[in-house]
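Letters A, B, C and D name the chains as they come in the text, with residue numbers starting at 1 for each one.
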Amino acid sequence: MKSDFTSEEIMTVSAARMLRNGAICFVGIGLPSTAANLARRLHAPDAVLIYESGPIGAKPAVLPLSIGDGILAETADSVVSTPEIFRYWLQGGRVDIGFLGAAQLDRFVNINTTVIGDYFRPKVRLPGAGGAPEISTSAKEVLVVVKQSRRSFVEKLDFITSAGFLSGGDARERTGIPGKGPVAVITDLCILRPDRQTRELTVTSVHPGITGERIRANTGWEVRFSDDCRMTEPPTGLELTTLRDLLARTAAAHGSAGVAA
Amino acid sequence: MAQWSLLSEAIAACVHDGDIVALEGFTHLIPFAAGHEIIRQGRRGLALVRMTPDLIYDQMIGAGCAAKLTFSWGGNPGVGSLHRFRDAVENGWPAPLAIEERSHSDLANAYVAGAANLPFAVLRGYVGSSFEQMCPHIRSVTCPFTGERLAATPSIRPDVAIVHAQKADRKGNVLLWGILGVQKEAVLAAKRSIVTVEERVESLDAPANACILPSWVVDAVCLVPQGARPSYAHGYYERDNAFYLRWDAISRQRESFRAWLKEHVLETADFVQYLRVLGSGGRQEAVR
Amino acid sequence: MAQWSLLSEAIAACVHDGDIVALEGFTHLIPFAAGHEIIRQGRRGLALVRMTPDLIYDQMIGAGCAAKLTFSWGGNPGVGSLHRFRDAVENGWPAPLAIEERSHSDLANAYVAGAANLPFAVLRGYVGSSFEQMCPHIRSVTCPFTGERLAATPSIRPDVAIVHAQKADRKGNVLLWGILGVQKEAVLAAKRSIVTVEERVESLDAPANACILPSWVVDAVCLVPQGARPSYAHGYYERDNAFYLRWDAISRQRESFRAWLKEHVLETADFVQYLRVLGSGGRQEAVR
Amino acid sequence: MKSDFTSEEIMTVSAARMLRNGAICFVGIGLPSTAANLARRLHAPDAVLIYESGPIGAKPAVLPLSIGDGILAETADSVVSTPEIFRYWLQGGRVDIGFLGAAQLDRFVNINTTVIGDYFRPKVRLPGAGGAPEISTSAKEVLVVVKQSRRSFVEKLDFITSAGFLSGGDARERTGIPGKGPVAVITDLCILRPDRQTRELTVTSVHPGITGERIRANTGWEVRFSDDCRMTEPPTGLELTTLRDLLARTAAAHGSAGVAA
């Protein structure tokens, strides 16, 4: 089956679909921001986007270049300081959905954005935590959007930057973490959700044209498929047009140099 | 009371080798000009602090100014890695760089605690992560009422904080708006502070409850138009995103970095000349 | 998402007997109309919280709404004592009033802790005072880094917070400016909140970084022009200081207080009628 | 000696003189506010007045009616929230002088504004602490202005709301309180300062026309006079004119109902 959309497009559209209208969403830059803003233009016009730099209720007409882009401040209902965002809004328990990216994750959706290799003598030094450790615990639910590969989906993390389900089962609940944790991981190949019991990520929806083999080849552990695994609904014409229009307007606004987010 | 100063004089007076120095700005109003001047003056052994070390800290680290970095996210935002930062951490070049790693929430709280003259910050943080095992600066306190255990981290108290803002008035009262980040907290947490501004005005004419740094909490105010380039100044100019993209190539190799630093920073007299060398003359938007 | 409501409906829906209720406003924007409506609806057993209980709490306490008061300064500002408050504390009239006493710094920090979902606040407070001996809610924590001992107090988490503000837009986003007090923190610390406003506007047109309560953290927004009288609303009307002076005489004796309360509050339908009875019609400044 | 000024006037003028130009002053309402604003009009135009309600650098043209009067916000360099005032500005260690009133004080300038009688069964319930406990410890120095009488100057306090020198000597220093504590108490009769050694209040300056006898009669303990006790400089013409003008303009602005502060 030859599709008329790219794997990145179905990833973004699938992630956008997860954001329910009216949800208070704490948005990471990059893929999460694109998906959240696409959702705002489709089924979730009343989603409230919070960015860690300070804007609350940002409604950017084009995608922001950075987590603290001026367009976020200009279109927000309120712009507060960064400490206030983390103290009153995230830790305050007001965020429904934390929308995160990830450098690496494991089968229990623990995330590593810190180091590959030994912490004190790292092979690769990654950017670090950012807001993720507290987004992943304080937001009521977490969505993760990430390109799937053996580099990103790994058997074992060298550092847990942000807690998913830890060692699985009720390990997360036992820590007293307030938020429920990850509800879905959306990739360019499929959608994975934590198993109810074990909390291990299982493939619940495969994007059109993607084989189970390809998913296995791009996962660093023996990935399971759920019994009722289905095919992801392909992007509708409206979804695709809206996404492409958003990206085109973003490129036009920022110049070709701007296609960063 | 803030003194209107030349940036070079302010850096000379306020920033000393070995100081704890925080240049703040959350993608907005990043004090690039001040960072360059620190490089130009050859400061060494600085303990740098910054939530989001990005290009300016990559440059300072690559230039050899830093011995330590306290941070929560170090990357070229929207582009990728900070190659000079990574080279320092991974290979100790040009000097070993000790790191004190936090989360955004932690560092933001730690600046607040610093501004409030408290020795530590309390947050719901880090639960389930590797931080508590790997980072000795992350400890805990127990609520004396509920028995809950919460993360405790040391407050940030820089020797010097440096921020960029939109305006200051004759007396040195500073106004900033838009994305505020932790700038106010950084200045209030620090022993000394320098603010570079886009504009010197007779009166701030600030709206009610605007973010203002009164003159008497600032040591030096320096008029440095475009001093936040290539980041942006809300109401003045937009982010030069092309530079962020170019930085990836410039910084990837030690030699290309050194050549760039020499030509643009070490051999320029000030930020005006830097901008001229950078050839940004044609790009000065007037979006105000 | 905030619902535009009648104040009577909002109080009926959000304020229940026995609730922890905070009406905030630091001499500015004091929610008198809301306090009157609570009296009118005959709420009992409330645990009231307020940094500066003044006339409206004197009225609520005298009317028998309160079982407890958490506060840091209870007086008729610039005039003298709160007689109804004193009568309740000293003589248990009309009902015994338990008190939980704090300092301003403590309560302000405790609201911040509540808004930030922390169980306690940490402050440099109370050293050398009698508070720690007399008030079991004032404890201490030890800094895990420096060993310093600091005061710890329980955070404030009201069931309901009620504040008055200048404006709200169609969707219920609220803007306030001028003296902000702890209003934002009170709303964010509370489970439910009601905001009364001077004006309903199409768009807030707020300046950058203004103090805004987004619609979705507020339960009910009620249009109650002059709802802060006799306190003031910056940009709308000034404080009716004559009433603060008159209150001293009205409230000094139980009988004169009861007569006043009956005529002005219990037997008026709403704040509009209250203002009419008070005869303030001729006094409505338009300083906007 | 018949003076052409009132005892309240010399109290206010004497208190105003204590505020040095450029000082960052945390101002209580009432007498301290009057004195601080008089000082701003005389020798201390650059004094920075901070009010606990939020204004920093208030420059009111007439006296405020309350600690949160709109005129303070309108004339301030910055208006922040009340938590910020106490956290970043007072506790932050930025205040040079805390300017307080008092209901009762003892010889070591401990202050009671809480209760007379037993705390749990009070004879008189006073307003409570307000900002004073932390102003008295966090401000670098404290000035107290209060009318002197046996009701206000007492042998023993029923409750210490705000720490002065506690039991005297080095008792305050030993607690680790950052601020130096009270440097002067200015009354309608005299000026008292803590003795260097014992920290007990001693009369260092007697207002013109006031006898030692009268001071003793209005002090609840055996008050000492310092060896170099002198007469308070009477208010100058300029001081008096400026004070009266300030009060007259205040009354005019607020109406006769406004003479509260």
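The rule is simple: contacts are C-beta pairs under 8 Å (C-beta built on N, C-alpha and C of every residue); 3 or more make two chains touch, one makes a residue touch a chain.
For clarity, every value in this text was computed on a predicted model and none was experimentally measured.
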Between chain A and chain D, the fewest steps along chains that touch one another: 2
Common touching chains of chain C and chain B: A, D
Between the pairs B-D and A-B, the one where more C-beta pairs touch: A-B
Mean-CA-position distance for chain C and chain A (Å): 41
Centroid spacing, where centroids are CA-atom means, of chain C and chain D in whole angstrom: 28
Chain C residues counted as touching two or more neighbouring chains: 112, 117-118, 123-124, 148, 178, 180, 185, 208-211, 234
Interface hub residues of chain A, defined as touching at least two other chains: 73, 79-80, 87, 91, 138
In contact (per the touch rule at the top): chain pairs: A-B, A-C, B-C, B-D, C-D
Touching residues (chain side chain A, partner chain C) in the complex: 22, 24, 48, 56-57, 73, 77-80, 87-88, 91-94, 138
Residues of chain C touching chain B in the complex: 117-120, 122-124, 139-146, 148, 150, 152, 154, 177-178, 180, 207-211, 234
Residue ranges of chain C touching chain D (in the complex, touch as defined): 26-28, 51, 71-75, 77-79, 81-82, 85-86, 89-90, 101-105, 108-109, 111-112, 123-131, 134, 148, 178-182, 184-185, 211, 232, 234, 238-239, 241-242, 244-245
Interfacial residue positions of chain D with respect to chain C in the complex: 29-30, 52-55, 65-70, 72-73, 79-83, 85-87, 90-91, 110, 114, 119, 122-125, 127-134, 137-138, 159-163, 166, 172, 175-178, 254-255, 257-258, 260-261
Chain D partner contacts - residues on chain B that touch it in the complex: 1, 112, 115-118, 173, 185, 188, 206, 208-210, 212, 214-217
